[in-house]
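Look at the two complexes coming up: subunit A is in both, with subunit B in one and subunit C in the other.
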Partner chain A sequence: MRFWRVIEPHIGFLLQGFALTIVACLLAIVGAVLLGALTASMRSSGNRWVRGTANAYGDVFRNVPFLVQLFFFFYGLPELGIYIGAFETGVIAMSIAGGAFVSDVILSGILTVDTGVIDAAKVSGLSRIKIFTRIVLPIALRVSVRPMGSILINLVLTSSILSTITVNELTGAAKIVAATTFKPFEVYAVLLVLYASLTTLLSFAISAIHRRLNRFMMGG
Partner chain B sequence: MIVAENVEKRFGDALVLKRVNLRVEPGEVVTILGASGSGKSTLIRCINGLEALSGGKITVDGHDVSTKAGLVAARRASATVFQLFNLYPHMTALGNITLAPIEVLKLPKAEAEARARALLDKVGLGAHAGAYPQQLSGGQRQRVGICRALAMQPRYLLLDEVTSALDPEMTGDVLRILAELADDGTTMVFVTHEIEFARHISSRIVFLEQGELIVDLPTAQFFAEDGGLAVPRIRQFLSKMKKD
Partner chain C sequence: MRYADFTPYDIVLLLQGLGVTLALFVGTTLIGLAIGLALAVAHHYRVPGCRPVIVLVTEALKNSPVLVQLFLVFFGIPAFLHIRMSPVEAATLTISLNTAAFAFVVFRSGIESIDRDQIEAAQVFGLSRSQILRLIIAPQAAAFSVGPLVGILVNQLQVTSLISVIGVFDLTKIGNILNLRTLQPFIVWAVIGLIYYLAAKTLAHAGGRIEAALRKSVKWGGI
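== the complex of A and B ==
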């Protein structure tokens, strides 16, 4: 089989790249969700400085191309004496860019939380942090998790750009294999399947989380 | 003791509480009556610190609710039951009741759950501990709301029109529980339109009119011809409530 004959010698290298993509995406997803939740809480704060700082972060990182952000971190920061490895730079840049979008959907979820529920939590003596983590965030995520899923899937697809800063994740590895074999059709066909598998899995996970978070909406 | 002194609350240009003075002694059941918009709920929200005062002072057991430390202490001493239940929708009845005892009172989970189950049994919801609010009727939700408040073992129970969103049968269930609490000596500040119930369980009734506390009398005196009923506005209010 011609297809397999082309891919077989390079499958290990491609899978290494795939593993790097998975690790980078998992770390970036965790980073983006944590940063997004923190920023959303800041954007719903009563303090205008806190709110302004969070809004500025969101505005900047939503409105600048990811490639520019990535180059800024990778090529720009060393000029300030800040040296971070390519992989770490990629994960941090994806987390920061993703967090800006995630904060938007979590904030819209927060705005759906009934103020009466928050009042009940306040009068029971819960701290602000407990109110946010135990009451507001779980309720907000109920409506936010689906649109957040789209953002996270986009983040996975965006990971292919890390190949531009020397990270040999899946796309980076594929570029090398394609250049070696002169068989881009076969190589990129493998990429199509692997990226589609990854995003499909993520999509299933998001659906499962959505069902779990909304189990309390089932009437008796 | 809950003490409100010259309490004022302003929303924009509207002064909704005008120099209100109120004292609630331990063991008393004080009912706040008044037409819609008279400031009853706002007064409750000022006592539990959900609204900042525009003037005056409120203390709960000597703790000034307008200071941060005072508010924390006041909220430890009191608990509120809301008109629209305000249960945490993502938590079961048990979760709703145990959250604050575990997080605020630092009770061990097992103890908090045992206390919650005992309360649920008391209000006839023992079999519904694992139900989410969405799976309960209005009356059941309000009973969970009462359990949630009682689980904090408050010295004062603030009840803000707790039966307004319920049908007559569910109202009866909830009022029966409140009557039992009153018989047990629970101190309550009770905003309601249930006049007959208020007459039955209250030790005192205060009447708010457009943000002003115009009458504060022992219950028997409030309903006496030469007491509260001698005030034309109260007579008019009570006769309208009877017609409704």
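== the complex of A and C ==
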């Protein structure tokens, strides 16, 4: 097959790029969840200034293109005397952009918890930490799996943009292969199918996790 | 003489970039919404052989990075078919199809949200298929779809920044040029980001007003 003939000699290089994509996405999702959790707790705060800051962060990073954010960090950080690699910059930018979306999910997850449940836990004499870790979090996580999954899928798609700041993740590696083989159509067509199958697989996995976590909610 | 400072001409340059971004956004939105609507109607009427193809193509477009789609169209298709394609043509084609894929899903669920009973009642009253589509389905589906569509369009406005990578002189590309000339990334990218932010906010605000106007008939307005 012509597609395989073009790709085959470069499969190792592409797999390296793929591994880099996976690592970037995993690091970014961890960063995004940490940042999102912090922002969500700030957004549910009573202090007007804390709430305002967190809301402004979410608002700005959701309404500015990721490419512009990435260039801001990539060219801006060395100005501040912070010299880190392109990969690290990319992961940081993805975490910050992802955090804005994750905070929404976590906040709405926390808000779905019925106040009656929390009152009942308080009356039963559970400590605040116990209430949060044993009551609020399990319920909030259960409803957050699906939206969190779509953020993860979006991060995978967004990670392709890191190729513009010289990170040779999957798209960056494919760019090099396309340039060396002079067969851009074959390379990018395979790449598109690869990304589509990866994200489709991810969404199946997320649905499975969602069903597993919510198995108590279903009848039968 | 130094060329590294900002000049008043840079404002013209920024406006030019904004113009390209907005023109491309409006153009691709119109084309994309038209294609998305056509796909949703074809899907609704079960045009033979259409459904699996439409679903497969739109899913592939939604589940792959726009950057890869741009590369495929701009570098891949000209090399494969031996044709010439300008960056603007490639960008228009790609973003239009991408918008169409997202719009299709919204329109489809908009059409599906309409109660079957309403359509059956209309059939009983002797309305033709096109009358049902125009008078029963379209107004309700429009009111239902505007909210999600605005969200998609705000997202697509940001996606247009990617066309700078294949060499369209849009707002982000102008930012690149200014950044390389002045070497003041903080100012340049903050200004570019601010312009995108204001554009997105304006779009969301306008969308909210259109939605309110379309939903007016749904609300109880008194006798």
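The rule is simple: the second predicted complex is superposed on the first by the 201 of 220 C-alpha atoms of A that agree within 3 Å, B and C clash if a C-alpha of one lies under 4 Å from a C-alpha of the other, contacts with A are read in each partner's own complex, and residues count from 1 in each chain.
Just so we're on the same page, a residue touches a chain if its C-beta (ideal position, glycine included) is under 8 Å from a C-beta of that chain, and two chains touch if they have at least 3 such contacts.
It should be emphasised that the depicted structure is a prediction, and the values quoted were computed from it without experimental measurement.
When the two structures are aligned on the shared chain, A:I139 is found in touch with subunit B, with no touch to subunit C.
Contact comparison for subunit A: of subunit B and subunit C, C touches the greater number of residues.
In the superposition on chain A, A:A178 makes contact with subunit C only, not with subunit B. Of the two partner chains placed by the overlay, neither subunit B nor subunit C lies in contact with A:G81. Of the two partner chains, neither subunit B nor subunit C is touched by A:G46.
Looking at the shared chain after the overlay, A:L126 reaches subunit B, while subunit C stays out of its contact range.
By the touch criterion given at the top, residues 59-60, 63-69, 71-72, 75-77, 79-80, 154, 158-162, 164-165, 172, 175-176, 179, 185-186, 189-190, 192-193, 196-197, 200-201 of subunit C touch subunit A in their complex. Touching subunit B in their complex are the following residues of subunit A: 114, 116-117, 119-127, 130, 134-135, 138-139, 142, 213, 215-220.
Across the complex, subunit B meets subunit A through its residues 48-50, 72, 75-76, 78-80, 82, 84, 86-91, 99-100, 103-104, 131-136, 148, 152.
Against subunit C, the residues of subunit A that register as touching in their complex are 60, 63-69, 71-72, 75-76, 79, 153, 157-161, 163-164, 171, 174-175, 178, 182-189, 191-193, 195-196, 199-200, 203.
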